[in-house]
């Protein structure tokens, strides 16, 4: 076969790999969320579908697949059908730049993180389409809220990423992870592999930036305390009120995939992606994926834990937090990190 | 200056209270579950539990007290007077039974489980058991028929009653005719 | 709406000041949303017709009556006064012990019956336990309205304890028909007293946990401070009662100001909202008044459990109730406020007229006053803080 | 302030508007002329010696002899005294003055009395049915009310 066809097949195969990962990961997270929520509330989740409810995620997916996905009569059919797939595409595209191991990365482009921020705004378009197309007052409320929320939280994410890029000097997540390779002391969260003095100076700012990035990513994914677009108690189900069956499953899958993207990116930026915390010990191609996914799962557990503890913010408080709290602190961090890097390195 | 203080105060408060909340929920991760797996593990009902009604029809003397006491009128009772020659026996509480009870229906779907029918019953034959799993597919199955008299017995009791009434009517007619035939004794002297 | 979080006037977009680049005025319109009888946070079948400008609420028109079961018509067709009690249970199905107590006191005052001391103490214990159970539901669902699911399940887990106590005594868990005219249907089972003491000991730390998890959570505080403020005068003019009135700073509790039963013998204090977080009378105050009332109820129960005398609980139950031509209005303090029964008798065995003055019905009538200018998410909290039970609103 | 004093003051102020009073009953009540009920209630509400600022309950009632009535249970939070006012109106043209301008709570209570008994309260801001559906035939709580066999084509008694 001629090389172009061959490389085409390889790239298709390579890009299909994360899709398989997403499906497996979604089932695991569904189970994890169900169990953690239950035990936080002093109850046990499903115990009958398989041992301790292990088959329940399959049952959920099966139920959603065979359910009739109705389209409201006065809905804007084309947009209504397209919306969930746009949301999923927006999320799935981000998988291209996540470095699972030092050998495997979707596409080793040099604009990695820049591409990520660009692509994640596709999710907003998808939600807006879904909210508008289902011709339901509650959905329009949910959609408009999510548009305002996503846009105003992309800026803190971009700024936090900018700080990391400033420290590492490259936009490509693979380079950033290589920069942090070699044990826990090299993680950017603790100042990166820089001389001791700069590390100590950088430490408070990188910790603060990480905290802000995690909060902003919570809003990016519409998770409590920022889950206004689908606020059950106010907007019935927000933008996906009219969705059911397969389309609703697609929204659901996109939300879980987005959770992983956000956690993986935070891990790759701050906690040394696939590099093992013990330096040389337990590091290598297979271990790399284990470390990345393991660290990401810790953050996913954190998101689930937060979801079942905190109440929900109101729209104007949401805006207040983003514009008047996260961003000022990030500008301070940006300025400080820049100053430290110029003076000491 | 106060605005800056409240600004930072709010941020600190948020982080602190969020942390406190998270600590509590994390503590509850290790608290054993309080829920029961219902069909396998059932909650023990206390002995005064008020759920499904049960009527011990042998002790029922057909006095209709429970039907009167029921706020939703879900108990319907028919009785047939028994003729003197039939001996219906005595209830466990020593009441002489004088009425046949061909129909004693409780529409448990209408019952509001208030228990007002249990108190006035002289022979305590109507009690509330602690059975709470009695759902049906057809609503008519929820009409419990407690009377055990067969069609034959009911027919026989009716005919006996009719016969007894005719005899009584005939006897009364006879005595009335006899009284009319005799001259009336002179009225007692007024004081 | 006086000192509530007054939105800057330009927040409410007026058509004339919105210009497109070409100078044409942008046509804006208000949207009417039906927070309909079936909605996750209307606490029952209440329909709110909301006129919304963006997220800001311009006007709210409540529509009720979806759960109207003509309690008053039923009461007039009962053959004796005792049979009305199962219907009174079902009026406010979340605190039916307090409803029975209200109705029983009304008929007893009409018949001029004196109930034995033991019955009074049992009634106080049961009423206060029911107050805790009802407040637990109110507080738990208020947590869900603000987005936190877990407090609801903690509240219901504690409420199960109380339901077991009730089931042990009278056999039912929600609608008891326990307080009768002139007494109670069953005496306390032997194990009741120490089980109730065990509950009191178990429940106090739970309240502290609940407060730390939800009440003092900064997000919850920011969501509820200065929201749906009910000023003093409006509260009195609209005859609000219970936690809604006390949260607005009015020191008024029927158990102390219009005393009935043995509350005057027990020592407890009335919780009044002081506006610690926002202004007095906002949603947070109504929430904290309910939380602190639960602590007071535990205090009352403990004192009553120690001071309960012996006696026959069915001594004063009249065999046949046939009051002479009279009418009486008796009011009691239920978890939602002042529940009054206006009972008129015409000398026969069945009541001539039983009018129930339901606190939730009256508290709900003030909703439009306090939610103008709030946001949609606030309205959900305001309805939750008013703590309505539609069985009582619609009767 | 005992009911007797309240009655005397009212008698002094309004004279003939106070039609009848029964002060020895379990709960003493005063019957007032239904055309001047608003004026009397305003006086009771604003007068510092009375200060009846809390309308506990307003209930409609059918006296079964051709007259309908509204019973006002008033109480004062500051003075802690209570009084019962009654206003009656003929059944064929039941009209009573609305007091919703004096107490806000009267608004919904009067709507319920209208819904259940058909008592029309003049100058009520928005008098429509509150509990029953808007097109419900008849007024349910009247003593002579027959449950309609069909309502919008649905068979009613089961």
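As written, the chain order gives the labels A, B, C and D, with residue 1 at the start of each chain.
Following the convention adopted for this analysis, a contact is a pair of C-beta atoms (placed from the backbone, for glycine too) under 8 Å apart; a residue touches a chain by one contact, two chains touch by 3 or more.
In this text, all values refer to a predicted model and were calculated from it rather than measured experimentally.
Where contacts are defined as at the top, ignoring subunit C yields the following touching groups: A, B | D.
Looking at B-C alongside A-B, one finds more C-beta pairs in contact between the chains of B-C. Here the CA centre of subunit B is 32 Å from the CA centre of subunit C.
Here the CA centre of subunit A is 61 Å from the CA centre of subunit B. One simple way to say how far apart two chains are is to compare their mean CA positions; for subunit A and subunit D this gives 63 Å.
Separating the centre of subunit C from that of subunit D, both taken as means of CA atoms, is a distance of 25 Å. For subunit D, the set of residues touching two or more other chains is empty.
In subunit A, the residues that touch at least two other chains are 40-43, 308-310. Along subunit C, residues 150, 154, 157, 213-214, 217, 219, 222 each make contact with two or more other chains. Chain-to-chain contact here is organised irregularly, matching neither a line nor a ring nor a star, and falling short of all pairs touching. Screening every pair of chains for touch gives A-B, A-C, B-C, C-D.
Every residue of subunit C that touches subunit A in the complex is listed here, in rising order: 31, 33, 39-41, 55, 143-150, 153-154, 157, 213-214, 217, 219-220, 222-223, 375-378, 380. Residues of subunit A that touch subunit B in their complex: 36, 38-44, 47, 305-306, 308-310, 325. Listed in rising order, the residues of subunit D touching subunit C in the complex are 25-27, 53-57, 59, 61-62, 71, 73, 77, 80, 84, 103-105, 107-109, 116, 129-133, 140-141. Looking at the complex, you find that subunit B touches subunit C at residues 10, 13-14, 16-18, 20-21, 24-25, 28, 34, 45-46, 48-50, 68-69, 71, 112-116, 119, 128.
Contact residues of subunit C toward subunit D in the complex are 64-65, 68, 70, 72-73, 76, 109-110, 234, 236-239, 250, 252, 257, 326-329, 331, 338, 340, 342, 344, 353, 355, 357, 361-362, 365-366, 369, 394-395.
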